[in-house]
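Chain IDs A, B, C, D and E follow the sequence of writing; residue 1 opens each chain.
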């Protein structure tokens, strides 16, 4: 099902990754429109609940974007986020949803092109995985929600 | 020689009212003013390649790049622009020939030749047949270097080439010329005058 | 975008300061002054502010990219505070005197109306040749924008290069291009002027031996920074300029244009090149590949700043940066080869080595630009022989002309932390000849009373900007507005064209009032730069500013999905829907305020403590100066003269006298600190005074720690065991007090780095090299025949001290290097001492019988004392015991505990001049806090619901700033003044008892609901 | 505190498969502190179950609720309004909670969501270790404050056994030999001689050997 | 004499006692245990019978003891506190004594996780020291552990194990002292390869005069192969096999290893004879009972003394 348009939620820390997304905009780099960005003060603020509820509500993929190691404005936010993401991946495998639908990335503010590259990679990966098994039967309804 | 006068004045701070200049400047001036009527036709078909050594004391350590330009103007006028190849690096950045500072008289021949290897490599890199050394120290050293580099080039004084291009170089003044120039433009005072 | 804030009291000239130069120093000065209630006019000759700093990739010693820490600085500085920023403007004339200057400013035509331009870039895309956005700093590849968030965010047109002006004018959707813009000349009056004009960079193209002009792979440090920078021409990939290949071997050559090394080079040392060369080498290895070989050719490795020596050690040991101590003459590209070869004689063996490199970086030093020199002369400022502003040791930021101050590079070449210190110091001095600001800066403009929306059903107003064709060109704004119109609870949905222009903002404001809206959603640009502006708009419309949600449909939709408008529209719809659902859950948040205690506690009565106290007292602040000894003066008491020959004792005596008699300063000597509680604006510190230890509590609003450090007296080289051996400080007194004995001296030996740069005191003490040179010159003044030997590891006479080092060499002082693992040996021999050392050139041991042996012993922290102080103030310290500041690079005076500042050698070893600058800077930082009558606390803080909390300690352990604690009632409590708003505790709490205001769980859930609303019932 | 760990998801799925409406009840005491059954874990489990069933195309309604405690009847009472419209209850509390709910609501199945493990202490953030088995007759006074019953794999009262090698228990190098710890502690306290006093055979009745136990305080109980 | 145990008589007579050990079958075939008995008959004074060694289920020690008794040997009943509570233990003691078995060994036993029933609950109602106290109370006070009188109390010769090589080494003497205080009559030590460490332990034992309060039998086990040496060194907890022993075993060709093992064992016995306080030897030849006679004979411990 090639015309499958996954919906991917991206929780972006407002210091580096959100700025990187803006930088990608400033450099007018194109990437697929499947990524919907939600701004959070720090990657450490992304709660396990948010990630799981995103999948439950029908997300095909979730990205948690943090600052580079050592660059975190709050010292340990990105490290805690990484730990939480790997815990949730295991939980998703238990549920029966592929773990790689959840992705952790680290970016600095100037990496506009890396953000665009990441957005494209993630979208392709999720597209290959197909719709999330959670809403397999309701995926048609989701078609035009994109 | 110019340098030793200059250095001497400074060392013993003799207050001198005269100005010490290098001869290259005047060779170039005279050629430009047409007083010295050099011409490079002799080399038009011979096409011998020439390079020139920038003596440290005259160029880098005192008069700098301007004098190096005069020296090149003179050489190009006497051997023909197309036959001149510059060493790299050159002018104020040129490498020392390795013979200065009393090294020639010091007797450490092997060490001197070892230090001169860089200069030899530079000359070989240009592929020139002749190297004009306008300072007696450089001339002696480069000439000696030619010996140990199986005579890959001839080492000749600047005045020799100027006289040759003026056509006033006598048969007994061609000691440092290669056989290819031994017979060129020979000036026989007894017949010409 | 409006950049000229309505500086409300134009006429009142004596409360206005002119800052010339919008680099980092100028911005720091402008920010400090504005926050302290002054009006500032910031003038920058370039298109946007930021100066050198914005072109650097990563900066030492933190090695992280400070772009995102500095850009908020820049936009914040222009937006909120009473700062009038004039770009492309030069100062042409200055008249008047301190307190009442009249300055003529000439603004070059930008041909673009700053209010209208939205930096959409259409003009630039169509006419790159005549529309300037980038000054094309590196002469090869123009960057698309000097840095992504330039302030002002606007283009400028070079009319000369425009062949068809009308076409350019038409292309601009916002009609912002003004072809007949002639620029303006205006006169302003101000009370003080600060020169923050920065420095030009030495242009090495004149040095043909380095081949900079014709070999693309020979680059200056700044160009190498641009190559490394993510916003640079190579987008952050390290590529060789000549063929865009990945380099394998890179060399740095130090002192290009400095230390009188080449034709046209300045004779002083540029102070920062060693450090940024090391940084570039480390970043190259760290980010681009361990296998890249990095070599630095240098004479002295001058890493004298705070923890810089450890940075050097890390570079050598951890990153394997190869340091070669020699000066290569030339960089040659053999004809035919594409690599650069450098021949050099290594220090440890006498042979010629030739090595090949892919890139050679020339560490170019700094010099005063021609236009700056001319400007200073026109202003009647006395310059030193290197054309830098002449200043004295005891007034480091004051120029020769009263009322005009200098900071940053134009005072002397320095690194970024010192520039920022002088920036703040200049702000303090500038406000010293102006009356204290009458009323607090009107940050709360007269906003209408806030409408109480609790309990009201949500009535949302959705306003979609089309931002010129930035958004409108890709997304059908009308359809989007219409789609938003029929979302639930949306009362008004309109497209408002140029959202951020005055007219549209007015339109929105009126609609909020007329339609009685209680929630607002803006579909526009990035909240990172727009949020503050629209929050003010809501305030003006009588709404709590936090009832706002911004959907970023420009930077993250229109600009990046231009290739697929249909998807872009769908995404925009999703984002708007997410915003609408989320805004329903937004709650009005109030910014709490606390009353401000305006007194200041200064700990430590040395030169730094007294300077801070005097600077603050002159401004009318009450200062408590606490000193543990029974006399003021600190370490400076045992110094007589400075390197430049200024009399220390006299000036110090004067300062002590002034401090003790100043009516705003209460001096408490023989006092020890015991406890410290409270927070900014309401501190309380307990001290014990005198032998009977009577306890007293002082209430104050801010704290300055100027506790200094200890002169080091290691038991080495027979110090304190032989009368011929003394420290440089002792020698300073000996030379002054008994010149006749000095006349009798024959041989004098000095040994550098005694007790510094060694395992138990790893950092450099910074002041000993210049002390050695000072004493040597003073000895030779008295006794020209004396023979002086200086045994050193690295001569670190940075800045203008280099001239004195050269003067010492010219006068016959012999400087000899020794290796750290082969130090000199000292034995007593009668009343003299025999010093044996290995001469590196002869490679043979030599022995000198010295009448006097002077040891450069430097500083060492009294661990016990600082550890006790650190515990009282809960302050972190560096591994060798100095107080650790909040940000090593950008906040060198503020301490991590808000309201506490550090000055002088308590921060790190430094000269008197640098300590006084830091003391004045600390005074300025204090004024930025105490200027306000109340302290504003950010509302984005975590709040704990006591009933839900299971007191499980997860938040106490998770908080990076250990703010939460379990209170008396047994549940976690978070002090809003201390919370940094990161939200980590909220995410970790197992009982879901903590919510971070403005990012509450149900707000984020609402966004997810909005995104998938149509799918899940 | 009492520690617990969430059961594998497959087991929980099988428990609730026959029912459409589930009440998922968290507990805000011990299981919250050890991150097994607090309000957040309730949310995660609810979401996980809904997703697991959604995968099979079956929608399941899960109502989430977290009581202050589940080992007091009054708090259990708070479930009454929710019980009518659910088919089964799953409790994320320790064993006590599950049984109290089962005792109070006779005609509705109750399922455990966690495995109650042991009474323990938090060694570090995220790691809990067994400290006490509730043997009812504490002998910590004799062993310098370290319990051999809970922390020796053979609960020897006169250890160490022959298998203790360099301070670790014979069963695994990650398990400390408690008698090594006791001996080090006694040495530190200078009470080495206390080691040679033989601890007599234990009366296991206090440890439940004599049947399920009760504590009765006459002053408090009716 | 406290009991009629042959072992006690031999030890009391001052002779060096020799005991050995055999493991009951993993099934019901009594012939296996009888065959092992035949091998050892007359060569040793008493034969231990293990009780579910390494927590692997085998015919019970009690049953095997009866077979050996009938075959005319002096069996030693080994019992672990892992598998039975105090009721079952006392009942078995009564039963064994009734069958004329009058020597036993009180052990804690290996942890179930080593054996074939890791999921089994381990009882450990009482530990080995409390076990010794119980048996002593039954013998000397004629009372059950619960306090009731025993009709014709069992006079058991009480033995226990001791591992001088387990950690903490400084505790091992004190632990023996505890067992002596509890009333143990004889001790069989863990197999000894590190003779120096054992001698150091014996010094501690002698210092406290424990060797006069109970008989100490030095445990030895012949190595079959270098592999076994390495296995014992690394895998068996509380076993101290010095590198020289492993090197010696690995130094000989495969077929010679068995003999080398026997040589080491005999040499150890010779050296241990000199150690003051060693009252005898306990030769544990696990599944290699046929070699015991050769070892006893070569160690000069034959003929066994006959005691009335």
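Observations on the model:
By definition in this document, a contact is a pair of C-beta atoms (placed from the backbone, for glycine too) under 8 Å apart; a residue touches a chain by one contact, two chains touch by 3 or more.
Note that the structure is predicted; figures quoted are calculated from it, not measured.
The chains in contact with chain D as well as with chain E do not exist; no chain meets both.
Comparing the CA-atom centres of all chains against that of chain B, the greatest distance is found for E. The chain pair with the larger count of C-beta pairs in contact, out of B-C and A-C, is A-C.
Comparing each chain's Cα centroid with the centroid of every protein Cα atom identifies chain C as the most central. Here the CA centre of chain A is 74 Å from the CA centre of chain B.
Inter-chain centre distance (chain A to chain C, centres taken as mean C-alpha positions): 34 Å. Taking the mean of the C-alpha atoms as each chain's centre, chain B and chain E sit 106 Å apart. Per-chain CA centroids place chain C at a distance of 78 Å from chain E.
Among the residues of chain D, those touching two or more other chains are numbered 40, 43. By the definition given earlier, chain contacts exist for A-C, A-D, B-C, C-D, D-E. Interface residues of chain D facing chain A in the complex, by the touch rule stated above, are 8-10, 40, 43-44, 47-48, 50-52, 54-55, 57.
Across the complex, chain C meets chain D through its residues 948, 950, 952-954, 957-958, 989-993.
Interface of chain E with chain D (complex): residues 82, 86, 108-111, 113-114, 122, 124-130, 133-134, 145, 161-163, 166-168, 171, 174-175, 177-178, 181-182, 190, 237-238.
Interface residues of chain C, counted against chain B in their complex, comprise 208-209, 329-330, 332, 334-335, 352. The part of chain C that touches chain A in the complex is made up of residues 64-65, 67-68, 71, 121, 144-145, 148-149, 229-231, 235-236, 526-528, 552, 554-557, 559-564, 567-568, 570-571, 574-575, 578, 940, 958, 960-961, 980-984, 986-988, 992, 996, 999, 1001, 1004-1005, 1007-1009, 1011-1012, 1014-1016.
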